[in-house]
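What follows is a single structure, and I will ask about it in a moment.
The letters A, B, C, D and E name the chains in turn, as written, and every chain counts its residues from 1.
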Amino acid sequence: MIDTVSTVSEKAALPPGTLVHVGEILVDHTRVTMIDYNPEGYEVVEDPSDDRLAQAADNGTVSWIRVVGLHEVEVTRRLGERFDLHSLVLEDILNTQHRPKVDEYPGYLFLVFKTFAWEDGETLRARQISLVLGQGYVVSFEEGPDSALDAIQERIARGRGRIRRMGADYLAYALLDTAMDGFFGVLERFGERIEEVEEEVLEHPGPRTVAAIHQVKRQSLSLRRAVWPLREVIGLLQRGESELVGDNTRIYFRDVYDHTIQIMDSIESLRDIMAGLLDVHLSSVSNRLNQIMKVLTIIATIFIPLTFVTGFYGMNFKHMPELEWKWAYPVVVGIMAGAAALMLAMFRRRKWM
Amino acid sequence: MIDTVSTVSEKAALPPGTLVHVGEILVDHTRVTMIDYNPEGYEVVEDPSDDRLAQAADNGTVSWIRVVGLHEVEVTRRLGERFDLHSLVLEDILNTQHRPKVDEYPGYLFLVFKTFAWEDGETLRARQISLVLGQGYVVSFEEGPDSALDAIQERIARGRGRIRRMGADYLAYALLDTAMDGFFGVLERFGERIEEVEEEVLEHPGPRTVAAIHQVKRQSLSLRRAVWPLREVIGLLQRGESELVGDNTRIYFRDVYDHTIQIMDSIESLRDIMAGLLDVHLSSVSNRLNQIMKVLTIIATIFIPLTFVTGFYGMNFKHMPELEWKWAYPVVVGIMAGAAALMLAMFRRRKWM
Amino acid sequence: MIDTVSTVSEKAALPPGTLVHVGEILVDHTRVTMIDYNPEGYEVVEDPSDDRLAQAADNGTVSWIRVVGLHEVEVTRRLGERFDLHSLVLEDILNTQHRPKVDEYPGYLFLVFKTFAWEDGETLRARQISLVLGQGYVVSFEEGPDSALDAIQERIARGRGRIRRMGADYLAYALLDTAMDGFFGVLERFGERIEEVEEEVLEHPGPRTVAAIHQVKRQSLSLRRAVWPLREVIGLLQRGESELVGDNTRIYFRDVYDHTIQIMDSIESLRDIMAGLLDVHLSSVSNRLNQIMKVLTIIATIFIPLTFVTGFYGMNFKHMPELEWKWAYPVVVGIMAGAAALMLAMFRRRKWM
Amino acid sequence: MIDTVSTVSEKAALPPGTLVHVGEILVDHTRVTMIDYNPEGYEVVEDPSDDRLAQAADNGTVSWIRVVGLHEVEVTRRLGERFDLHSLVLEDILNTQHRPKVDEYPGYLFLVFKTFAWEDGETLRARQISLVLGQGYVVSFEEGPDSALDAIQERIARGRGRIRRMGADYLAYALLDTAMDGFFGVLERFGERIEEVEEEVLEHPGPRTVAAIHQVKRQSLSLRRAVWPLREVIGLLQRGESELVGDNTRIYFRDVYDHTIQIMDSIESLRDIMAGLLDVHLSSVSNRLNQIMKVLTIIATIFIPLTFVTGFYGMNFKHMPELEWKWAYPVVVGIMAGAAALMLAMFRRRKWM
Amino acid sequence: MIDTVSTVSEKAALPPGTLVHVGEILVDHTRVTMIDYNPEGYEVVEDPSDDRLAQAADNGTVSWIRVVGLHEVEVTRRLGERFDLHSLVLEDILNTQHRPKVDEYPGYLFLVFKTFAWEDGETLRARQISLVLGQGYVVSFEEGPDSALDAIQERIARGRGRIRRMGADYLAYALLDTAMDGFFGVLERFGERIEEVEEEVLEHPGPRTVAAIHQVKRQSLSLRRAVWPLREVIGLLQRGESELVGDNTRIYFRDVYDHTIQIMDSIESLRDIMAGLLDVHLSSVSNRLNQIMKVLTIIATIFIPLTFVTGFYGMNFKHMPELEWKWAYPVVVGIMAGAAALMLAMFRRRKWM
């Protein structure tokens, strides 16, 4: 049985409703961790039993079920049954090429979003995170281990900040917030990358420059596609249209919303700058062409007429009286020098030199 | 009597209300198939009689009347009478150059959408599908046989998935969904096509490149025109504004809606990439022109002055004392070598070499 | 007294409220025809008397008063009094440079729209049609005789289709629909025109190409200006916000609305294609420049150095030992041939040849 | 005490609430004229006393207080007190660099708009007009005397049209309408100007062309900035959201609204045409460059190789057997002629000639 | 303990909820000033005690607590406790890279906005100001001392204008208004800067021009990012959706709103002008290239053929009968002069000279 395919269209070939992982395999085994906490304490259970999971929603604590790795489809199916998730939700969880979104189902909210990171400072890598937020529990699905989520797990362990005192909605907020915080770093590096390209364009444009501009453009597109839908997603959470988001948590979602807007703003500004870069490059290249042509024209314009003169007096006609004259040579040299000087003066007046 | 014309304007010349097929003829005979099913069983009737059709709406099963081939206008007219369709609906069914849309009529919904496929990996082919969704029945009209719809017929036959357990609205969803799934494959190939053109632009732009860019642009336009209206169409179905779409099916329409948004997103991204390609091409070409001009200028700037010097000492004046001097020749050669070296050094400093 | 001026600003110079025809005079005499019809029969009255006109609204039939030619301002004024039209409506009817619109007045609707036709396949000609739709009557104003409206008159005469069985609102629909149908043909020719220009751009761009691109751009603009406002106009009628449009006619207005959207779509697509044409042209021209420059550079780079060599051995120095050597000539010729071969090899490696 | 500054930022340096005229001084003395009228008669009072002004609102007639010239700030302050205007209104009246707008204050409406005129057919001149529309009175403020407003005053005097029979709201309409009518003339001249530039671009583009294109672009910007806000302003009046605009006057405001939309439409079309002009120019210039380069390449490609041949047989080697041959000369000449003919044929095939 | 970091992403690395100043340190010590005033008098307290601050909201006067310098985080935390501010508000106050916004919290409004100033007439410097507007008090946070705010403090001291007679909402207005007024000056200088660049582009475009265009573009972006969000912010205040803004103050916020729209308008116009500058530059450069190429082509086209002729008669063939002819020399010279004249005439006809 096929569990993993690499593109959505391959999946489309399979009968609908088949659960298939669409994407890369990043971990050996799918790991499930359950973190149960309340203001008084917390507990971590690796590979929780079905019974343990059954208590997640009811036991008065906040339960975070963290799933890392998606290719073992059976795990997702089991969790789906346990938490009564719609089959479309399970399909979306396993499809890592999904667009960020929020869907409201009876009893739970389903969220998809992306995190980004630079690899070698040149390539952007995207990872998808899906969240199911129910009454008293959050189930998160990661493609591979994500250090930002580890940090939140640690925060719960240490009981630092207000996370232990708040509900499952705050946990969902914290996970979303950590993803958005990651964007700031990614954009900073991106801004630097654009400045590098900018400098190249203005200072020493070359054949590789065009490809570099094209690459940053494509990267800005994928960033944009990841962030734009979030605006709507978080906007919906912030307006508190779902009962699962409490009033005192909504204020925090408003804050993430602000960050999203600010990130979108930055992306648009960077895109705006990039949009002009190719034109700047073209102008730079044209400027350089002008420089080159000026040099060529100056040289050619001075020497071609002079060469004509030398050719003229190099003709072998028997009867060319000038050739015999005593002062012909110095006079011709003088005339040539004069013509060259005149040309140079003209170029100077036209500001070509 | 004319049954088929090839453009909308030819149709406009005919008296209004005339039923005419606008488009190509893709099958020999119009085929009508009726598929009746419920959770317990199913039945396929080829060329159902009028009586049989009359039972479609009332008999407690879901009836799918599938019409393949549109040029036998009489068939459409008969079905129109049987299911009490408005004459405007019939006109729209037969006009295969219609824009995707949904119209609500008393007792039924009318949907038009397009499917796409690549022919020879370079040309896009569009086909139109019209659906009439009534209480307990769906009538579908195809220009020619469509393998994706065949697959659904087979799914019903095998009783796989939930299709047999759901109503006519789910059948309409399944037909729409299969069309949208087809788009993913089309877009993947389209993305590859653009990458081929991109590489051509960056690596070895030539006169044919411009035409290739122009072609993908036009293709993106026709894809876009097919998908954009769907957003509105499916959005309307998803919001459940019609009684014909039940609450438990609406969730599936929301899923197709998501896919539509994702497809639109991809198209816009591809368009965004393409938008820049012509500029990239222009920049590449300008870069190459610069390279060529540098070579020309270097050669000309070095040799034209030197040729002047050789011409100078090729003049035939009687009185040119230098010509007689013993060391004149080596000195002049030295001066020429020096000038050439100087030029080369200057070019190197300007980074032309 | 002035009855006709050619631009709006000339009219602005006249005292406000003055009725003046703004536009060209296309017919000798303004002709008024009244067509009275109901399912049972119909009657045509040329130049109806005031009494006859007075019955238009009340006599239980649908009355179509058709005015062809606008420069006899008195006719419009008389009809205005008869049907109790606001003076602003009369001003708008006579101003043929008006933007398409719909205005609701107590007791009647006032519509303005445009029809287009090609003249000599290159020039677009626009005509304005104004409609007043009241209870039981339609008054239409044309600049000159319009064959599409003649066709509707004939349809009424022959009693074909549903027109005779429907009310005045359906007549208004039929007039609007016939105008929109005309657009399809206009756009088809326009699409061909653009394809001609496209081919010219890609295959043999020349100085005239730029002007041709510019011309189609302007034409697309005037088409667009005529169609965009119609969307709003027909949208309003389709939503049935006026009592003058009955429920069973609204469905037909929805159909025209669809056509309008489709026409707008086509125009936007054509504009999108055109938008790129100038860039494509620039790229083509640059490509050609590159070709030319390559030829020049190849020739110059091969022969300029060789010419220097010939000049070198053409110098007249007394003491040039090489000149005396027996094998000097063949050696020099060999060196020159070698240099040329080297150059050619280099050009081939750079793919310039 | 300072009464007039020339820029908003100079004003910002003064304490807020200070009444200062921002703009040019166009008349020697600020003139106040009061025109009182009703259907029966009218009266003009120059420099009306405070008592006279106090009757403006109450005396059953329509009173138009017309202020021409803004630099005598005291006049505006006095009128402000008399009509109980908010200090922000007074500040806005005096600031002639304000954006068109409408503000509703208790008891009166405050309107700002612009009129335009051509100076020497090349430069656009803008003037600001502010209106205060109260119950039974209008106060208008002009920078300098405006002939269009004089025309309205005359219309009142002659009792022509419906102005004397209508209220203060109609007077406000008439003033606004006259400004919009002026735009039509301005736009006609602007359209001609653009056509001049267009022809220059297509027929004989030169260095000045770029500057001309840039100038019309800037002018279109200032026109646009003056008209766009008016849409909102008049839209508000037309919807009749203020009690000060009566129902039978609203229909006239709808008419001005239509004109505004039409003017906006024209501006956008002109902008659309202009937007492409620079690209058209670039294409034209590139075409010309191609022409020039073809000439150069043809000449160089034909003569450079031939010159090499002549140089070759101009070498002074002792042992060059060809030089002695009898038929060498005619043979070489023949070869040269053949090579030239070959080149020319090639150019013809490439369509360079 | 870290109090200050320089980028948002550094802050993201710290545990959430940590109060950190993000930005530059502009003053040595954070200074807190409390200004208490009512129509009768006013009082200034430097470094007010906690007790004094506690009275701010209740004592019947308007209290303005002005904080200058943000790096001493403890001060902000203390004020946060005193005025019961949400921890997210405190984080936003300390993050000087925040986007302008307004947030409504129970009991107070939180505003962030930016002021701009030119440094050396070439570089734009942005400063952030945060305001907390409560019942009877305003707390303002500045990065460094701001002279515009000093001016307001002085206005309160002198009791000039209406500020002393109005409430805390008017004070918030005054602070916002002073920031917007600053924009007018900034934009004026910016407009001049753009005109300088424009002139450079049109009169003497050079390699540095491209960089200058790029710089003004970036500056316009940062201005835009600072102003656009303000529209929404002030729009919200103006509509009076918060109880903290009284009815008689709302009219003033409407005025600031107008200014914001006007500033946005100016920025968009300037951006529109700039958008074309690079194209104008490219056109200018192309024009110049044409000029250069014309000179080169004229020189080359005249002299290259002539040089060929001289080379021709410089060949050393034994048997060249022309060389012996008596009139050969003058005839050849004549032919050469004729050819040159012909060329010149041709250039003149093509308008190249």
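What we mean here is this: contacts are C-beta pairs under 8 Å (C-beta built on N, C-alpha and C of every residue); 3 or more make two chains touch, one makes a residue touch a chain.
Since the structure is predicted, the reported quantities are computational estimates derived from the model, not experimental observations.
Interface of chain B with chain C: the two copies contact each other largely through different residue positions, with under half of all numbers used appearing on both sides. In terms of their C-alpha centroids, the spacing between chain D and chain E amounts to 26 Å.
Mean C-alpha position of chain B lies 42 Å from that of chain E. Counting only residues that touch two or more partner chains, chain C has 279, 282, 286, 289, 293, 296, 300, 304, 307, 311, 314-316, 320. Under the stated contact rule, the graph of chain-to-chain touches is a ring, a single cycle where every chain has exactly two partners. In this entry the chains close into one ring whose order, counted from chain A toward chain E, is A, E, D, C, B. Partner chain A is touched in their complex by these residues of chain E: 7-9, 12, 15-17, 86, 88, 98-99, 101, 103, 105, 204-207, 210-211, 213-214, 217-218, 221-222, 225, 278-279, 281-282, 285-286, 288-289, 292-293, 295-296, 299-300, 303-304, 306-307, 310-311, 313-316, 320, 322-326, 328-329, 332.
On the side of chain D, the complex with chain C involves touching residues 155, 160-162, 174, 177, 181-182, 184-185, 188, 198, 202, 251-252, 254-255, 258, 261-262, 265, 269, 272-273, 276, 279-280, 282-284, 286-287, 289-290, 293-294, 296-297, 300-301, 304-305, 307-308, 311-312, 314-320, 351-352.
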